[in-house]
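Same chain, two partners: chain A is paired with chain B first, then with chain C.
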Partner chain A sequence: MRLGLVSADVLPSLSAVASAWWNLAIDPDLWRNAAASLYRGGAGLALAIVVGGALGIAMAWWRPVNALASPLVEMLYPMPKSALIPVTVLWLGFGDGSKILLIFLGCMLPVTLGAFNGARSCEQALVWSARSMGASRLNVLWDVVVPSALPELLNGIRTALALSFILLVSSELIVARAGLGYLIGFLGEGGVYDAMFAVVLMVAFLGFFADRVYMLAASRVLRWRD
Partner chain B sequence: MARLIWRVAPWAVVLALAAAWEIFAASGAVTPFMLPRLSVVLERIRADGASGELWQNLAYTLYRSFAGFFIAGALGIPLGILIGRNRAVRWLFDPLISVGFPMPKIAFLPIVTLWLGFHDVSKITMVVLDASFPVVTAAIAGTMSVERELLWSARNCGARGAALLREVVLPAALPQIFTGLQVALPIALIVAIVAEMKMGGVGLGGAMITATRFADSPGVFAGIVEIAVAGYVLVKLMAVLRRRLLLWHPEALAPATV
Partner chain C sequence: MIQIEGVSHTYRTTDGRDIPALEGVSLEVREREFIALLGPSGCGKSTLLYLIGGFLPIASGSVRVHGTPVTGPGPDRGVVFQHFALFPWKTVLGNVLYGLEKLGVPRDVREKRAREFIDMVGLTGFEESYPSHLSGGMKQRAALARTLAIDPKVLLMDEPFGALDAQTRSLMQAELLAIWHRSPKTVIFVTHDVQEAVYLAQRVFVMSARPGKIKAVVETSFERSDPHIFKSKAFVDKVDEIWGLVRDEAMKAQKGRPF
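Coming up: the complex of A and B.
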């Protein structure tokens, strides 16, 4: 990199990127954008987990819900959710709302499918024995079906977590006035390439870190298995 | 009779949703700008199809997705098998993959644009970057989970090197490799569309973002319907291909899912 093989604009040296990141980091602007991104990603993902998980378990538990919802899930699951970026902008404008809606819609189906497959694979013998021991249907749902769906559900949430980063960054790159994705696009268009590289690497490592922390937390939650 | 009902029910739900869209949009509860009527959107798609614009956009988007997808497969499958079979290669690539896999690669879009320009090369590179990780990880997992007894008995019968790889490892790993490809294909489509949205130009994503800029909401919704149909058809085709290719595998006996 230092050898002059490529121009400093095309690939800034690591030290230049690090010092550019430091210059950004002492400016509150970076943190304001990071907070905006974090809020959007967190809110969208939280909504997706709650609604998607509940829907998946309901689909496995009540056949009519399954009959109604599964064609829609099957039809919408392969749809590239980034296609919704322009619509969410049309509906909710350039701010937080459109990103939260996009992340919610995009992340819901992996969670739903995880919960559905997990709850469906719950051993019937467990349900019967719980019922025969006098548990009500709701009790069985909460104490038997939900825990046995948990491993697959957590796996679905991991997919959703990765997706939420992709949707967040791409929607902010394309249309936004704040957020880390916006900052990357803004710095790139301004030609401040070392700072752009710094923010890109920061986003990449945030994604990596979120995944690792999630895996740790998930293995904690599943400690009761084996 | 009951089977017929279960076969028809999914389409009935989809038709009901379409009817609900049409009625809700026509009721005046929302402006046509927020949600144009389905019939208007379908008419728009028909007009785009008649003028050839739709096919041109579709062809470009599919070309970019498939080019990236095939490169990702051609690089990812051999690399994954090599990593799964060879300890030294695994040591070399394992950190790269465990760091690279969970990263949001889309963030590198501006850098790739900076390096390779606005044209097809940079879009296809983005697709390769994103689509190859699922393929590699699936190929590694498939290769590593080949039953040892199979390998032992093949070696006993005198299979070595290339023959062992071709006759035993590859077929045994194929179901998992195919799962990786099935994950990678929609990713390829997503990334191609996002890249087109960011960089503009011809393609389904580019057409949608142009429609957004001109506040042309039937155009936006037409794009969504087109992309949804394209994605659905591609995923279904992959599932059909899987059943064809893995006809010899016990999983082919199981009833079809999604």
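Coming up: the complex of A and C.
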């Protein structure tokens, strides 16, 4: 149903968007761009999870690491991450590298904070239990501190996942020659609005889908909780 | 055998205040003896147990277990905590397997051994359950199985039945005694429940209010297989005697509080 409040150009009908999407989907170009985005998002996020998680746990476990890193983390946390776009381009140019670095830097802090808070909430008695059953201090880190941190860590990763979509698309819109964000910008500039909306909706759906799949996986990992 | 000589412990709070928890505690526990540490809450019972466990640094005095000074935690001293301290992300079986894994027991042996101990504490059928799905009593059984499975020479128990309802508690007390009779270990059992101390222990060490000291040592050997032991005159008298000792301390501990 259309009320005619806005022109068909500015907000094309759903059927126009659907058929535009279909036309895009039979062209490998869309999938090439999607694959580029997926690669950048996946690589950046994976780096953010590994490095951010390790940093958060290390901050909770070793005082000196905390003393060094926590002022930095606190200072950078509220900074709008999109401000990093020109910086990463300056460092690594227009290709994949700058996007991956951007997503890595932008998504790391929520993971770090989740890991840090989770690890700090680790119960003393659990650590002592493990130690009295023959676990070394390093064993305790992996066997007790990391699983204790998991619920908060997984929450932080969820935030990072959402952030990664935002950063990916906005950086591709501004500076890229491939990717879904680039495609949105390209189609918009060319005035092909129904196709542009088709890609925007596709990104929105992918974000929603990724979050759902993630939540499902996380609840499986945390099935021991009740 | 456990020898504790002149042990003191002072906590330093985050805002820099010193809280003396123990002062000049000396005691000796014989091989395979079951003793109770009894005292009002806050008198330093847990602190003393943690020192023996090697969880806290021993700043003054000495703690020896079988002649060796305690320098850290170790599998020769098994611990059971009041709030179970089971790994919530592991099943009952996973929890019991953990210590065996750390001690390098071969895979097939440890599986068999873990199931044996789960069976012993009456948790057969709950091997794959997570702690969050168990009642308090079942959690403490699982924790007990986990500790006993690594066969520690010394068992340190910190108010292990304190969080259980009265019926479960008395059941668990009887089972603990039965287990101890089958394979006697040196047990240090912390409690603030006089009747529990008299029922379980061969000797009761009464502690004074903070800073904790050993105020008295009372022999409490009974024929515990008697089902009416709680009503027997000898038992009731012993409980009364020890109650007298504890009451003064409990009152002192109350007065020490701001309100």
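Quick note on the criterion: the second predicted complex is superposed on the first by the 220 of 226 C-alpha atoms of A that agree within 3 Å, B and C clash if a C-alpha of one lies under 4 Å from a C-alpha of the other, contacts with A are read in each partner's own complex, and residues count from 1 in each chain.
In the analysis below, a residue touches a chain if its C-beta (ideal position, glycine included) is under 8 Å from a C-beta of that chain, and two chains touch if they have at least 3 such contacts.
Just so it is clear, the structure is predicted and the values come from calculations on it, not from any experiment.
Visitor: A:72 in the overlay: touching chain B, chain C, both, or neither? Say first, second, both or neither.
Guide: first
Visitor: Considering only the touch criterion stated at the top, classify A:170 as touching first (chain B), second (chain C), both, or neither.
Guide: So A:170 only meets chain B here.
Visitor: What is the contact status of A:188 with respect to chain B (first) and chain C (second): first, second, both, or neither?
Guide: In the superposed model, A:188 contacts chain B only, not chain C.
Visitor: With both complexes superposed on chain A, which partner does A:91 reach: first (chain B), second (chain C), both or neither?
Guide: first
Visitor: After superposing on the shared chain, does chain C or chain B touch more chain A residues?
Guide: More residues of chain A are touched by B.
Visitor: Which partner chains sit in contact with A:211 here, chain B, chain C, both or neither? Use first/second/both/neither.
Guide: first
Visitor: Touching A:101 in the superposition: chain B (first), chain C (second), both, neither?
Guide: After superposition on chain A, A:101 lies in contact with neither partner.
Visitor: Do chain B and chain C touch any of the same residues on chain A, and if so, which?
Guide: In chain A, nothing is touched by chain B and also by chain C.
Visitor: Spell out the residues on chain A that touch chain B in their complex, using ranges where they run on.
Guide: 9-10, 67-68, 70-72, 74-87, 89-91, 162, 165-166, 168-170, 173-175, 181, 184-185, 188, 193, 196-197, 200, 203-205, 207-208, 210-212
Visitor: Residues of chain A touching chain C in their complex?
Guide: It comes out as residues 123, 125-126, 128-135, 139, 143-144, 147, 150, 223-226.
Visitor: Contact residues on chain B for chain A in the complex?
Guide: Against chain A, chain B makes touches at 6, 9-11, 13-14, 17, 33-34, 99, 102-111, 113-115, 186, 189-190, 193-194, 197-198, 204-205, 208-209, 211-212, 215, 217, 220-221, 223-224, 227-228, 231-232, 234-236, 258.
Visitor: Once bound in the complex, which stretches of chain C touch chain A?
Guide: 50, 53-55, 72-75, 77-79, 81, 83, 85, 87-90, 98-99, 102-103, 130-133, 146-147, 150
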